[in-house]
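Shared between the two complexes below is subunit A, which pairs with subunit B and subunit C, respectively.
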Partner chain A sequence: MDFAFSEDQLSFRDAVRDLLTRECTASVVRDAWSNADGRSGQVWDLLAEMGVLGILAPEVDGGLGMTMIDLVLLIEECGRVALPEPIIEHAVVCAPIIGGVVSGSRTVTSFIGGSPFALYADSCEVALVERDRRLFTVERAALRLTPETAVDGSRRLSTLEWSDSDATEVGGPLEAVAAFDRGALGAAALLLGLSHRMLEMSVEYASERRQFGAPIGSFQAIKHHLANARIALEFARPLVTRAAYSLSVGDPDASTHVSMAKAQASDAAMLTSEHALQCHGAIGYSYEYDLHMWMKRVWALSSSWGDAGLHRARVAKAVL
Partner chain B sequence: MELAFSPSEEIFRQEVRAWLLENVPSNAMPSGDTREGFEAHIDWERRLFDARLAVVSWPKEFGGRDASLWEWIIFEEEYYRAGAPQRVTQNGIFLLAPSIFQFGTPEQQERFLPKMASGEETWCQGWSEPDAGSDLAAVSSRAVRDEAAGGWRLSGQKTWTTRGAFCTHLFGLFRTDPDAQRHHGLTYLLVPLDTPGVTVRGFGRLDGDEGFAEVFFEDAFVSDDFVLGEVNSGWGVAMATAGSERGLTLRSPGRFTATADRLLALWREHGDPKDTQLRDAVTQAWIDTEAYRLQTLGVVTTLSKGGHAGPEASMVKIFWSELDVRLHELAMRILGPRAEVAETAWAKGWQFALSGPIYAGTNEIQRNVVAERVLGLPRK
Partner chain C sequence: MNVVVCVKQIPDPAVPGELTSDNRLKRDGAKAILDESDSYGVEMALQLVDKAGSGEVILVSMAPNGEVSGLRQALAMGAARAILISDDALAGADALTTSKVIAKAVERAGGVDLVLAATESSDGYTGTVPAQVAELLGWPSLTFAKHVEIADGKVTIQRQTENGYDVVAASLPAVVSVTAGVVEPRYPSFKGIMAAKSKPLDQVTAADLGLNSISAGQSIVSVDAAPARQAGEKVEDDGTAFERIVTYLEELKVI
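Let's turn to the complex of A and B:
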């Protein structure tokens, strides 16, 4: 028994954290709200250079041929900086089953698992789509996009339509379930990262902001809000790690483990975002302050890839 | 990362499981928080001890088997899965013992540990006083130096002492330097309860069992070899004990996974499948139990590699105590009007679960600890 990441996994995580802290600043996220494609520009290429996009891709395709347990911490880091990219769709969902993802120049999105929208389809080259529980790829030129405006301005949404004659089959029902599970786990990892950053912002702010002659973080009500968020995250993380491990080793209960992780991470992230906002007061409610960009990403991700209710129902079916 | 136990650990599991299957009494014993039940539980402890299963993680010389933390986790899983009796020795073997290992002299270890393991001597925790609850540093029970006799003379009162009316010994904090303030000038003393000048009065807890006691000290003498750690340095020793109480040793996941399994079985038997709200709540309780188990595996991994459990133990205490309340609350909801029957494991367990957020440092105090020492928020 050894429920810890390896030294290699942790140092890769640290390297990705350094890169993202430096390159994916809050102003990069803010720019993505108003730029043409809603994305980060060069951060995507830098992640590709580090090998992050191809971790799950087979070695014959130039990928690293590794597994989810090697990737999960890196996805969490993408969440920490609120990276505006189709990181789950491209690097987690599609990388193991679609070739040519490693360099990042051919970006892939996905439209599977009953999701009403695809993310960044307008700036992607290919989409992984699902019909009758089977998976297909469709080139961008063959897709008809109907855009939708999201609360999180960096999330460029659209619904997709295509003709069967333009779709190339890449997987059956088993692959479709596995792809959805990877997406849900990826979303859970992003939610952890987003939440830890919101908590950090809140602790920093509560330590500086003074009212009644004292830092607001010294007031017990504030302390308990933030402690509750910290506890929720403490007991979400091990479920996310375990699910990543189960996917990596092909555990027969992996789907259930993913659902436990996604349900817990969604709830913990929603709780954290509510407490973070409350502890900031009005500044947290303003458009100029960064917190809202993290909060809105949390709202989106907590209900994409199956919300807590859907995943709890999946767990109920398996264990009750 | 590796999420399976080793073959030798699995062999240990099989041995424990087989022994429990053979030995766990099929009829529930009377509550260990009553005099009659306490005696029955001590007999049970003696059988565990004879099988070298009372304190598996202790060194062999004191009655254990030098089991690893992983084996201890396995033992606990099997113990609660088998529905084995409550451990009335727990305040000794789980709370005091780690401090005796850490702070006790070799003579003290020899003197106290084997008898604690066998249940011959049973220990209660004498910290709280009428005016010192959450604010433990406010203890006012005193120990005055008796140089001629080579020891200390105790006066004052302890309260809420669990099973104090049945135990043979008490460990507690006493003020030895009357001029020192707060957590300074306190000493950790080990007190035989048959010492002249000690009076114990048992009284009822929420469920009516005589599980609480008040302990009065009037010029009761304790010799120097019953001081644990340094004189006037009792606070540090007590905090080590408190760490054990909040974290791993007192509340291993096995207890909650067993309760969650029983809850799921209860749902299957009595749950209304149309009540999706209750179904989801039961499912969530199961998810939380798994989260607790996995979080513990992470902590044990850290400890096994030589790391320490820090203030994070406060998060653990909050989580297990609130989880235990939820698990029982859900059982009550499933049982509906049947929940009112007093002598069921659920009704008993529910009443006990309600005390979890109070003892071992209330959850309000633990949340302060999380905020200040885990998150780094300002104290003032």
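Let's turn to the complex of A and C:
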């Protein structure tokens, strides 16, 4: 059995990496902290044109009808650049069950799985919501939004209220669990990408910053921090890939595999952010330096879509 | 309207390069990518064919080891087919040899109205191939185009100069080299990436093009490291340092 990613999957990843490296620079992320909607502007449209938003959408809706194993590397790339967009909610959670998402012009957010907040609800056209373990869509005009403060300035959060008469049912309990699993796995993949970039920044900094006549990266205390972060990420990655594969083939234990992935990715990302900050020293938490934008996204996402504790409990319930 | 775009597949600049024992860039096993400077020509060609309403974009590339990864990138952008010349006899070919091969490949493509190329490649930098190809084909050569228009059997370009641009026109068929600013290259779509794998790719040798006794035409005698950057000039500001800055900028003709 061949467990490697296919040539197409790697080509898609390279294309997305090229696009995001050029278009979603750190200054785009920084702008999202202060602009009107917290989002990236044209990057969303470019991702739609490339086909990223429609990977999971059925072909009849203009999507590619592919699966999570085709998408997981691309979500990781979105994490690498800290893309300020509802990529999980739109492309991972909603695309398979809500039509009209491929072009990106009708942006969808989600408010499911016990999440206390919806992301970018103020700039989305429709929301996928959950009530009594059933999924519904509600148009933006029928939603009552209460803005909330976010640790990550680009994440525009709000709580949502709506009337049942404005909600259209799109799925039952099985679809609700599947949607949550996709969201949790998407968050795990984003966390991997965010963490890898933080580690890269830290290695670059430790190679350039000199103290006592040598780059600080030559000191054992710094090396250990960076190596431990790398180890944690390398242990999380196979779990994320396995969970994506399980969701793709309908493995009956897919939910457990997703929880193993999210728990491990959340812990690895938090560890990486702590070590990245330690290796940078004071500059790491200064507003002008880019690292804090990645760090705060990690803080937010490590507890979104279920924190490590929730997912460990889910694994325990399944295996004990 | 059929447009040939000369594209070069170069070693990924992000990966440290190595030299072979005869001082050439080692290409075995190195990941090749589409030279970014060629992506502008591909985009320009796609727009011109689209505007004309008929015809196709044909890629021509000369590369060792049957390398196709850079060609696939350009096919994914929308080019219809490609001709790849891959031949051990062409290893380390000089600019004139390369031009002879490309000119023959353009003839093989058939019915070509326009050849587009970058002004120079990002790994070789000779900058002479487009004009040589034009000469070998007996077609007009227009260079450094920052804007290209086709109408009434003529190609008209804005030729970039130090102070602005000249408007230059020639009858078709012609060879045009385009600058990096000519258009904004599109990103390939996933559907384009998948379709690129099944697009026609005509792999030929020099002999297939009728070039039976061709050789590299050059050898690289030695390679030296680039000189280290010179230390800059330090000016202690006694209140008049701005005058030195102004003078320096004037010397550069910036102001």
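Basically, the second predicted complex is superposed on the first by the 320 of 320 C-alpha atoms of A that agree within 3 Å, B and C clash if a C-alpha of one lies under 4 Å from a C-alpha of the other, contacts with A are read in each partner's own complex, and residues count from 1 in each chain.
Here is the rule we use: a contact is a pair of C-beta atoms (placed from the backbone, for glycine too) under 8 Å apart; a residue touches a chain by one contact, two chains touch by 3 or more.
Remember, it's a predicted structure, so these values are computed and weren't measured experimentally.
By the touch criterion stated above, A:F12 is placed in contact with subunit C alone, subunit B being left untouched. When the two structures are aligned on the shared chain, A:L135 is found in touch with neither subunit B nor subunit C. Of the two partners subunit B and subunit C, more subunit A residues are in touch with B.
In the superposition on chain A, contact is made by A:V315 with subunit B only, not with subunit C.
Once the two complexes are overlaid on the shared chain, A:L194 sits clear of subunit B and of subunit C alike. Within the superposed three-chain model, A:L46 lies in touch with subunit C and out of touch with subunit B [touch as defined at top]. In the superposition on chain A, A:I98 contacts neither subunit B nor subunit C. In the superposition on chain A, A:S218 makes contact with subunit B only, not with subunit C. In the superposed model, A:I88 makes contact with neither subunit B nor subunit C. Contact with subunit C, but none with subunit B, is seen for A:I55 once the two complexes are overlaid on the shared chain.
Subunit A has no residue lying at the interface with subunit B in one structure and with subunit C in the other. On the side of subunit B, the complex with subunit A involves touching residues 1-6, 9, 70, 264, 267-268, 271, 276, 279-280, 282-284, 286-288, 290-292, 294-295, 297-298, 300-302, 305, 312, 315, 318-319, 364, 367-368, 370-372, 374-380. Residues of subunit A that touch subunit C in their complex: 8, 11-12, 15, 18-19, 46, 49-52, 55, 64.
Residue ranges of subunit C in contact with subunit A, taken from their complex: 72, 76, 187-191, 193-194. Against subunit B, in their complex, subunit A makes its touches with residues 1-6, 69, 199, 203, 206-207, 214-215, 217-218, 220, 222-224, 226-228, 230-231, 234-239, 241-242, 245, 260, 263-264, 309, 312-313, 315-316, 319-320.
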